[in-house]
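Each of the two complexes below includes chain A, the first together with chain B, the second together with chain C.
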Partner chain A sequence: MKSRRVGLALLIGLLIVSAGLNLLGGPKWFALNTLFQSSTHLSTQVLWRMRIPRTLCALMVGALLAVSGQLLQTVSHNPIADPSILGINSGATLALIIGGVSGISLTVGHSVVLGLIGAVVAFAVVMLLSVSHNGIDPLRLLLGGTVFSGFISCISYAVSLVTNTTQAFRNLLIGGFSGVEYAQVALLAVVFVIVFGLAFCFCSGFTVMSLDQQTSRGLGVAQGHLWVVATLLIVCATGASVAVAGNIGFVGLGIPQLINTIWPGSFKQNLGFTMIGGAIFMALADLVAKTVIPGTELPLAALSAIIGGCFLFAIVAFGERVIRE
Partner chain B sequence: MTAILSATHLSAGYGHHEIITDQEITVQSGVITGLIGPNGSGKSTLLNVLNGFESPMAGKITLQGRPLQQFSAKKRAQQIAFLAQHPIAPDGITVRELVSFGRYCHSHGFRWLNPKDRNTVQEAIQTVHLNDFQDRLVADLSGGQRQRAFIAMTLAQDSPIMMLDEPTTYLDLTNQLETLELLRELNQQYHKTIVLVLHDLNQAAYYCDQLICMFDGTVKAVGTPGKVITADLLREEFHVSADIVYDNDQHRPQLTNCHPLNSVTAS
Partner chain C sequence: MKRSVKTILSLSVTVLLLLAAILWQLSTGDIHLGIGETLRAAFNLAPDQTAWFVVWQLRMPHLLAAVITGGALAISGMILQTLTRNPLADSSILGINAGASLGAVLLIGASSVYHFHYSDNGLALVVLLGALLSALLVFFVNRQGSATRVLLGGVALTSVLNGIILLIQLQLNQFDFEEALIWLSGSFWDTDMGFLMRYFWLYLVLLVLTLFAMRLLSGLTLGQEMALAIGVNVKSAQRLLMLLAIGLTTVAVSVGGAISFVGLMAPNIARRLVGARPRFQLPLSWLLGTLIMVVADVIANNGFGKVTLPVGLIVAMITMPYFIYLLFFQKRKS
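What follows is the complex of A and B.
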């Protein structure tokens, strides 16, 4: 109990620090007081028009991806399920690329619709692949999803290579927040409120659902209803994230795992932690992407995969007992 | 005695495969009913339709005088608590949290635990004697303690009926007996109606008031242990020969000297 309160304070502190660093850091570092200078200064304009929306988007995308990962892991009883592993991100990416190639202008509204369609279709396909005669088979879900994800990613690259649009869809394919504006912030804010509102409303149901299927049924969980809610949340969170920041993986896998390793707990207890953890991670990852090599944006998807891969490696190598002892 | 749960013309199975065909089953209120029978005889299938997890293929199930299908998931869980054969708790859950899951079926809207719920949870933990372990992680408990924690969870549901699918299977003898003693205590003190699947006929005869013997999807015998467990039944359905010993007052038969009938060594 005590360690949780300390943890929460620690996480909030980290959140503020990383958001601040993300805001001020970049090809050129700004001082904090630049924010409050008169708006005629160029650097103040850069901060308000470009840096602030970027920071806000990074925070919200991180939180959304992390929580959709936690949700998917809970309802599918699979500790390494994650929207990106199951190909939901790739599905949204492919839909956006197909839309872009076929001449739809990728405004915020169009992007999010395309992203949602792609995410829904991908989720449906993966679910159909994993249904066996006694419900959803976690192993099939994971294996089918991994193969499907790779397949869809290849098609995305193929489509953009063939049509010679890799440069145009660079952000989408490799992930990144450069060029986001307040329109994207508004979109993410709406999705954020919906996703977290519903996640908190239904969190006791999801918490009980983390028990095995028969036991949670016996406790009175209407599993069908909760699956529908979970699917809705995951698809919204992932579709909107991809529409804004492209195909970023491993956040949904690494962050819930990391949080659960440090503070083992139920879905309900860790929901807030995971949300903040995801936001911190994404703010820092974006900071690295835009500062390490001046003048170049590192691919955020690759960066996230590298860091996420290291997390995963550490979890597997050291096991879950490390922190508990 | 009144029937709390009954099924008429019940057929059940999975997919197109019918396992139970046109059976009548009655569970008496306030007694311990044991489901016995060889592997594959339909005991688990029966339990899964009686607790409302699976819809019957044909027939009607009545719970407290109302059709079982009319109960929502939560309302059903308020009447019937179910303990699976091998329940799995997620990592990082303490005993008290696990037990509090039992209150889910009583939660309205978005609030989970009110003070009354907390009391019920505390009582359930006390009843199974896990007071000293309530802040421990479920993953760190021994097999017997974990089973008691799950029983406390079903107890917190505060339902008149408890159903347990082979609650003794993964336990050593001491813990098997302790679990069964605990169930008897729950039956006597809280007047719980208990339905459980058991493989050990001696335990079934000793702890159950009523037995339902299933064989090949049909109910072969129903009644008190003394009536159900007979040399004929053992020979015909279990293919076992045994001597049956009765205790003085209770008519609870116990088997000794058991041999499989078609085994080479027995003949």
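What follows is the complex of A and C.
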């Protein structure tokens, strides 16, 4: 128990440090006291208007994605599950492209709604495809999801090619947090509160659900209801994240796994840890994206896909048990 | 229906459909030719000049490319599905397509940064290297012949490679970006007859080798123990078939870019029609793969008015509904 407390303190410390670094770092590094100067200074304005929303968004998106990954892994009994593998992200992207093409102005509110719709539809299709008589077949979920995700990306591209909007498509592919404002922060905050409120309310249920089906049914957990709640949470978290920051992988896959490796525990015990871990990762990844090459921003989507893929590859190549048969 | 009747019926219907599709492909386009005219031009029976030019110079290369990619992908898909014992495997799931694409994108990117011009053969070579490397990596995780690990390794590798591709792609200017994107979604990017013929011969050689390896494939369909019992050296058979699959994929990818889904769909459809008997499934997969590619090529070139879509996108759109249907119904059965 003691190691957990130390761990929590450590994580919170890291969270503060990485958030601070993310806030102050960028094409130009600022000193901390710039924040508290009078608001007439240009650099103070930059900090308050651009850097702070960006940092907040990164933290919340990281936390949301990490928790949705943990939920997905728990309820599908499958250590290798991630929203981006299952086509949820590409569903949201497709919805955004179709929306943009059909003339809906992509304001914050619109794009979040579109992202959510896309995420819901894609997730529903993948889930329907992989449910068989005895619950969800993990391998089928992954492969079906990968194939379906590829298919959706194809359609996105075809749509943008036919309507001559490959430039917009390119921007969507890049992803990342540049140019976020307080409107996005507010929106994410709402989603954040809903997701974490519900996750904490139902966390005992999810913990029991991670046991095998007979046991959890024996303990009196209504699987159906929990499934609905979990799906709702995953879709909300992913849809909002994609709408704000584009297609970001890895966080949902890697962070819960890492946390669980360092502090093995149940869903309930690790929920907070996962959340903070995701936020730390995202803050650092965003820092890397905006500082490594001066003058340009590396696409966060690509960075996260590379890190996540390497991680997954390592699990597959060296892990003891890859998938619950 | 009796099984043999069904087999014969599906084989012959597919052949007829393929012939019809080829005729359609040769006659449709900006310059429309009548059927008689097309046939006369195709068999060189005193055609008029325009028809001959259209058929042989404009449409035959596309047809040839479609035949190469469709057949090669279908057969490699079937081999991979047999090896991994999973109906959802194909070269794109195993990361081979992504490796090949990374090679191509690297070359396109490098040429725009360092201002050199690459030849099409150079591109094809890089593609080959990429495909081989990624296939090696994926099969590196194949300890104790665990098919699940191979599949998941492929998914992971695809993610990494796609990330790298995206990273490079976004550094390119808009023009190169679109070129890379078209390559990535699959299209017949070089329709020079000489270029295609070289690959065609390679394809024929691999095809003949696959026919020789049919016995091994039939053996492996029965499962490893049975295969051992009937005297198949499982290890070396797996290795040989794997090499064939990679070779075929590379040929297809070099000609048509990163086309996916054909290798997934054609063997699946074939298995539903004639069952898991390589003797019939192989030719039928080959026919179906070619059929899908030819039809997709016609639609890609003519279906969208002035815009020519990459053929790979059309393949995805044609085959995907069937794939979803398949997943639904397999589920009910099992």
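Quick notes on this structure:
Operating definition for what follows: the second predicted complex is superposed on the first by the 298 of 325 C-alpha atoms of A that agree within 3 Å, B and C clash if a C-alpha of one lies under 4 Å from a C-alpha of the other, contacts with A are read in each partner's own complex, and residues count from 1 in each chain.
As a working rule, contacts are C-beta pairs under 8 Å (C-beta built on N, C-alpha and C of every residue); 3 or more make two chains touch, one makes a residue touch a chain.
Owing to the predicted nature of the structure, the values given are computational and were not obtained by experimental measurement.
With both structures placed on the common chain, the touch criterion links A:125 to chain C but leaves chain B unconnected.
By the touch criterion defined above, A:151 lies against chain C but remains apart from chain B after alignment on the C-alpha atoms of chain A.
In the superposed model, A:173 lies in contact with chain C only, and not with chain B. In the overlay built on the shared chain, the residue A:292 is in contact with neither chain B nor chain C. Number of chain A residues touched is higher for C, counting chain B against chain C.
After overlaying the two complexes on the shared chain, residue contacts for A:186 are found with neither chain B nor chain C. Chain A residues 133 lie at the interface with chain B in one structure and with chain C in the other.
Note for the complex: chain A touches chain B at residues 74, 133-134, 200-201, 204-205, 207-208, 210-212, 214-215, 217-222, 260, 263-267, 320. Chain contact summary for the complex, chain B toward chain A: residues 14-15, 51, 53, 72-78, 80-84, 86-93, 97, 101-102, 104-105, 107, 110, 112, 137, 150, 153-154, 157, 163. Across the complex, chain A meets chain C through its residues 80, 85, 125, 128-133, 139-140, 142-144, 146-148, 150-151, 154-155, 157-158, 161-162, 166-167, 170, 173-174, 249, 298-299, 301-310, 312-313, 315-317, 322-323. Across the interface of their complex, chain A is touched by residues 86, 88-89, 92-93, 140-141, 146, 148-149, 151-153, 155-164, 166-167, 170, 174, 177-178, 181, 185, 260-261, 264, 304, 307, 309-310, 312-313, 316-317, 320, 323-324, 327-328, 331, 334 of chain C.
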